[in-house]
Amino acid sequence: MDFDWMKIPYALLTLFIVVNYGMLQNALIAKIGARVGRRRGIPIWQNYADLIKNYSIRSSITHGVMYYLGPVFRLSGGVGLLLFVPSLYGSEMFSNLSFAGDLILALYFIFFGTLGMALGAAESGHPYAAIGITRGLQQVSAAELPMALAVFSVALQYQTLSVTEIVAAQQGGFQNWTLFTNPLAVAAAMLSFLGSMMRPPFDVVLAPQEIPIGPPTEYHSSYLALMQTNRAIFPIAKIVIYMNLFFGGATIWPEFFLKVFLIYMVSVLVGVVHPRFRVEQSIRWFLVWAVPIGILSIVLV
Amino acid sequence: MVSPLVLIAAPLAGAFLLGLVRCPRAALAVTLATLGLAAAAAGWWVWQLGWAGAEAVEVFTAGTPPPFAIALRMGLPEAALTLVITLTGLLSALHMQDNLAETGHRAMAVLLVAVMAYCGIVLTRDLFNLFVFFELAAIATAGLILLSADARALGAGFKYLVVSQVISALLLIGIIFTYHATGTLYLDGIAAAAAKPALAFFLVFIAIAAELKPFPANGWALDVYESSHPAFSALISAAAGAASLYAADKLLTVGGPAWLPAATAIGIVTFVAGNLLALPQGNDRRLLGYSSVAQIGLVLAVAGQRDVLGEHYHFVAFGLLASHAVAKAGLFWLSGMVAERGLAAWAALRARPPLIFAFATFVAMLAGLPPFPGFYAKWELVRVLAAEGRLVLLGLILFGALLEAGYLFRWFGFALKREPSGEGLACAPSKGIPVLAAVLAAWGLAWQWGDASAQANLLLGLPLLFALAFVLLDWLPAWVKNTLAIAGLAAWFALTLGQYDPLRLIFAVIMLAGGAVTLLASYHAHGRRIGFYPSAMLMYAGLAQLILAADTFSFFAAWEILTVGSYFLILRGRHSEPHALSYIVFSLGGAFLILAGFAVAADGAASFAVADLATLAAPVAPWVFLMLAIGFMTKTASIGLHVWLPGAHAEAETDVSPMVSGILLKAGLFGLAVLLLAMGRQKLGGIDLTLAMLWIGAASALLGNLMAIFQEDAKRLLAYSSIGQMGYALFGLAMMNHLGWLMALMFVINHYIYKSMLFLAVGGVAKRTGTRDMYRMGGLINLMPLSFISVLVGIIAMSGVPPLSGFGGRWIFYNALLTAESRLPMILIFFSGPIAFLYLFRLIHTIFLGQLKDEHRRVKEAPFWLMVPQMIYVVLLIAFALVPGVALRQVDGHLGGLLPAGGLSWDGLTITSDFGYWNPVAIMVIVGIIFTTLFLWLVFVNRRAQKVKQFNIVFAAERPFRPETTHFAWNFFAPYRKALGFLVQPVATGFWNGISGGLHAGADFTRRLYTGNAQTYAVHLLVFVVAVHLFMTGM
Amino acid sequence: MRALLDSLKSLYPLDDIVLQRPDLAFATVPAAQVRGLLHHLKEREGFTHLVLLTAVDWLEDGMFQLTYLLHDRARARDLGLRTLIRRDRATMDGIHDLWPTAATYQRELKEMFGIDFPGSPGVDDPFVLEGWTDLPPYRRDFDTKDFSERNFNHREGRVTHDPAAHMKRHLYPDEA
Amino acid sequence: MAHIALATGFLLFLIGLYGALTNRNLLRMIVAFTVADAGINVVIVAVGHMRGRTAPILDGAVPAAEAASRIIDPVPQALVLTAIVIGVGITALMLAYAYKLYEARRSLDIGKFMELKW
Amino acid sequence: MRDELQKRVVKGPDGVEFEVEPLKDYYCEAPPAEHPPAYLKIVEDLFNWARSQSLWILGFGTGCGAIEMRPLMTPRFDAYRYGVQWRPTPRQSNLFIISGYLSVKTLKRVIRSYEQMQNPKYVVGLGSCTINGGMYWDSYNTIKRLDDYLPVDLYIAGCMPRPEALLAGFETLKHIIREGKAEGANLYARNFDWYKANQKKVIHDWDMPDYNW
């Protein structure tokens, strides 16, 4: 087998960059949210402190094997998702492990962590965890649909499922971005994006007052630390897919950071000014508003 | 040389002799001996005419030829019919010997006279002589009705006499005017006569037709059937029915083609109406009466089709008649053994498994299932009717047959599943022997018809014989039979391995090798497990023959065999009675559509290769396609036709569910694959039928999955999920492109593996926990870890999450979609994917995770033998995930020959399509490494974790009360119901319930026609005569 | 209000009628008449809301006084009914069938005063005091200070000041 | 002559049939059927009648050699004899039934024997 | 003891009857263990810094002090600036603020929640009631000395203390943590019997396992 072993350190480098960027970006976004509420908000390095704190917790409990493995699944899902998609276009160094599969792999791999996490949380035996999971699954099942339609529209548009080739087709100026060549697909995908970011109005999964933080209710110390690590990676990995599909990808890290940040901000901006949907409301919302746009994008492409 | 006159003379002599005998035993001996002699004579003639090559003879009673004397004819038909009559007489006499001995020699004499009269009706060639024999039969019948223990029989007998008075008057008038016009009473003479008197002959014809108890002029007959002694009812139904039919046949020969439409019309109306009216019957004998009426109507209708049936006429008519005679006589005799008259009272038969076998044989024979004569006859009939374009008649016949199958199988279900009550069974040898004889006759006729048919003799098929052998081996312990069964499947697979192309090989591997693996689970059963192996092996035999079937006949025969085998198998479940019934009704409905489709396609050809479907052209082709597709989609439970599946799969036994779900459903897909391969795209009325299938597949996927998420019962959940999965496969096939097919085949393999695995796992859990309601379970992961693993692997594979094999299916699926021509149906498919995730999570969560219940604290892992196949499946799934190429590469190549564009490239470990690429090994390795690294890191930082118990959860500073109130499981996806519950309104169920309810209500309304008043019945008869006359003159 | 009281007086033996405000009155009735009167007030006079049910310990008289405070939403008026029951083995008919919420008040009275309401749902379940074995604490013969000293560890060094003396010393330090 | 007989026969038959279908008493029905039978017999004989010929009895009056041209068709005569015999048999059987029914139910009303229906 | 905690006889699906003892079968019975600090001082210092910078308060208000905590989240006081935030589950919290008087009934819940938190964990007593009973010094239902029942790292005196006092208290607590002196969880494990004896003395219907994992 002619495997290029240098891919491994390169991939680890990507991982390192993204983890740190993700931690800082999360803090920044928390600060932005705080400023909306006229607070100063957390220090920019707060996430590091929290992470180290959680790893440093000395005791822990376990409810069973799946409970133990849940965060591992979760983080593997995040890391895998990041590495299955090339981070920078045109860079051999940061094309990661994308030789293993194309866009479909990435889209389905999103569920890997979700499933593992759901199983782990469910084994804790906590009803809130189960309630949170069902809410999450139900909401995501509806939110995924416009995304799937949009992805399909894009794949039809470029006649390929390879992320690299999709990005390649968008090079040569922003007018070539899918955002401008197929705005309907992007619109559908961005509505779906709102639903998958666990921010208002789609954050009933966590619902701190009602089912204290939902699925991870029982998770703590190093389990929680793994999940926090994932929180830094996973949204970015997801956004990278959006960026590559719809916003022309990135060729250098600053461009990467900027685009990821701006895409993330979409959900933040919507989130800070909206109350919360109930699950059935969000299902209906996606089916009534987002899905028709996705269908249009497929029909018109 | 035995003179045919023996058949008349011997009973007469016996009857006279009886006058001299006083001792009842001796009288009985004389009776039996006489009947035996007559039967022997008839048998001798059958042998002579059928095998020894003798010619038909005419016997002139007075030594001169007609018209100066009465002539009798003995040909093969006559010989066969007299054999039926005399044998039925003999066995019925045996069956009612106690009653006969009690009533004395006079009754026996009357019985002998009845038999003589029936023989006479068959043999005579003289019109007036026919009348005399009919009158003799009427008198004897009325006499025998008096034998019944039922006090109501008197009234019935009188009604019978009233009606036969009217009939005989009509007959007599008809005869005399016929004679007046033609100058002869010799039938052949009348036939040859130049001028036939239409009205007179009409009277003769209608009188004979009235003897056949046509609808609606048959109320009296039903009362007779209901109230007379069952052995005598057997005689009326089988012997008198056969004799009258033959009389009608003779008249039709005389009358010529002009009379055939009337016969057809009378017959088919009676057939449909008789079966319809049988639906609401609760009394077994009355039901048999309606069924007799219907069957005789069918044969009359066939007699009306003799112009088109030509040389096949006797094959078809006698096939149906023999099926009717043997089965109906057998059923009446069985009814004589059952003490009570309700249909559910037949549950008493369960005490004697051979009687259940007899019951099954008779029901299958009546319903025209292979390998019985009715099946061959039906095949020929439908083939000819389709070729001649008599589609309305064809449709009515199939509709009536479906109704008949409906009530027969419902009854059979009662017998197998209801609680036996009351007195039970009268089981004297004299009662058992006739039944046994009927069973032997049934199988003998099955052989005979197979032999005589232009098609292959089904009883020569090795798989079928192997399955039937298990009937004889049923006394062996289950594990021995199981070993035999597995060995048989494996041996057959090995034996036929060379005969499959890669496409068929996939199905063969699943159905045969896969079947053997599934059967491993059956080792867990103890005892003898009576009835399981014959049914299961019947199903496998059907599957084995289906894959190899080259022509439409063997394909259809295999289809019916697997249907009936799986029906028996499903019926074994504890609460499966209604579900098995809806399964068989839907399956037979689908099968009849397939039959009709094949017949239309064959256009009269005796043998039609399945592959020749490709040669059809419009306007026939789309209709054939439509019928076949709907037939196959019944089996794959596409939405709208799915209502049978959830109950049937869920209520089946633990090791049966994987067979009927993982394996049997593939038969439908196989049919669709064969169909689409041969016929490709068809357009009907401007609609592309494959496009319609695409929509149906998509809708099945969505709605199946959506319904699955709302189930509380684990097995029902899996069953609904099968609907969705089959929807995917249907969608793939209907895309009609290379990758779509590849995806469908991948689904075939995957669905077999994970659905079998899940059904076994869930079945094992249900076995241990004593419930199938998921919310009653919970927290079983530590007690049943292996089951958990198999469910876990199953759901990961099924949801398509990498790195397991389901992902491969999804990947191919997306690639296939990119080349698909229509884009809208895929929206439904896209939606159904995440929904599948919902119910899968529910499955694993509510069973294995969450809170363990009090009563399950000591539950053990599922039985060893249930786990063995599951573990094999786990290994298979992982292996298939790593190297899908092993199975798919060949198929891909094979498909390349059929649908060339858009194949995959199998370069090294990477699989590349026109659009994307995928490297299963790399995915597995990468995910494995990341997972292991993180896991080790967690173990390192978290090495001191304290294992806690199930109530050690944060509970808002309180503590949980009981596991039941802490386990969140019931109505798991309530918001979904709020948002999309309207989509899962049971519309299809309501629709089919409406149809069935409508039929029942209609039947219940129509049967009020039969008021029970003799005069009303006579008026019916007159109205019938007038109506038929108007019908004929109006034509 | 007065009209109401007059009409009630003709039906029930009302006593000690106090018209505290135009829309608030109190009256005393014998314990045996309470249920009937309450029923009448609820069904006929529009007092659909039970505001509270509470008790007063008249230790010296050997009586508990129960007060039922009712509210008439339509006419915005309140009526308090008082009744006296014997203090030893105090028992009273429950009114949880009239107002389900009353069950909670009755449970509280059982726990705090030891007044039993036979048949009231969950009346014996602990309300605030889990595992209480002593006298019901709202009875005036229950010495809470003594109980507290017996049961709880106290931190040393606690000082209590008489407020008057403390303020005096604080404000007029010279005079001390 | 033949036509009159024919008409009489049919009339008798219809009267009998009408009687059988409208009378509720079993015995009356049986009698009515006998009338109808008689009517049919008349019809048969009438059909066999040939003007100017004699009865088909081969005796001195009709020598065997001329029989073919002198006598009327013998077949209906034979038929009618058989029919009468059979008619008698059936009537006897019906009477027996009526007797047994009366024994069982103490009634001869046909409307009383309707427990078997539908 | 409540019915659902009593021993009960249940019948399994196979028809065999057996006993279920909820307190044993449904709850872990292991006693708490002491957890030593990290082997390397520098690592422990880093950890202590992180712990001090990341105080996750359990959202559990016991008395009137609960109302004083809310302003901390508002722009005026904004405790998030100091790495303080609130968590709804004890599993993820490391700071338990006993916000005011503590009745015996609540004490039971407090103990349960405290034990469900993970080592290291800190307890802050808020207001005079937690110190010596305060104005409830003679109440029949309020405990007088919190440190008899839980290891308290810090008291913030007052009736009630203002949010500013709380902020100051957090800073003090951070110092204590950074100095490595906030080992309340280990103290609790070490003196487990003593704490349990005190707790059981006032909680008369002890219907839970000795340590609530």
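So that you can tell them apart, the chains are marked A, B, C, D and E in the order they are listed, and the count of residues begins at 1 in each.
Keep in mind that, in the parts below, a residue touches a chain if its C-beta (ideal position, glycine included) is under 8 Å from a C-beta of that chain, and two chains touch if they have at least 3 such contacts.
Values in this document were obtained by computation on a predicted structure and should not be read as measured data.
Shared contact partners of chain A and chain E, listed by label: B.
Distances between chain centres, each the mean of the C-alpha atoms, put D farthest from chain E. Of all chains, D has its CA centroid at the greatest distance from the CA centroid of chain A. Averaging the CA coordinates per chain and comparing them to the mean over all protein CA atoms picks out B as nearest. Comparing the chain pairs B-D and A-B, the larger number of C-beta pairs in contact belongs to A-B. Rounded to a whole number, the gap between the C-alpha centres of chain A and chain B is 53 angstrom.
A straight line joining the Cα centres of chain B and chain C is 78 Å long.
Chain E has its Cα centroid 70 Å from the Cα centroid of chain B. Not a single residue position of chain D touches two or more of the other chains. In chain A, the residues that touch at least two other chains are 58-61, 212, 217-218, 221. Within chain B, residues 944, 946-948, 950-952, 954 each touch two or more of the remaining chains.
Pairwise chain contacts present here: A-B, A-E, B-D, B-E, C-E [touch as defined]. Here chain E touches chain B in the complex through residues 4, 8, 10-14, 16, 18, 20, 22, 25-28, 30, 33, 35, 60, 89-91, 109-110, 112-113, 116, 208, 212-213, going by the rule given at the top.
Remark: chain B residues 768-771, 854-859, 944, 946-952, 954, 957-963 touch chain E in the complex.
Per the touch definition, chain A reaches chain E in the complex via residues 34, 37-43, 46, 48-54, 56-61, 208-209, 212-213, 216-221, 224. Residue ranges on chain E touching chain A, taken from their complex, read 28, 33, 35, 37-38, 46-47, 49-51, 53-54, 74-75, 78, 80-81, 83, 85, 87-89, 91-92, 94, 118-120, 185, 213. On the chain D side of its complex with chain B, the touching residues are 13, 17, 20-22, 24, 26, 29, 33, 36-37, 40, 43-44, 47-48, 75-76, 79, 82-83, 86, 89-90, 93-94, 97-98, 100-101, 104, 110-111, 113-118.
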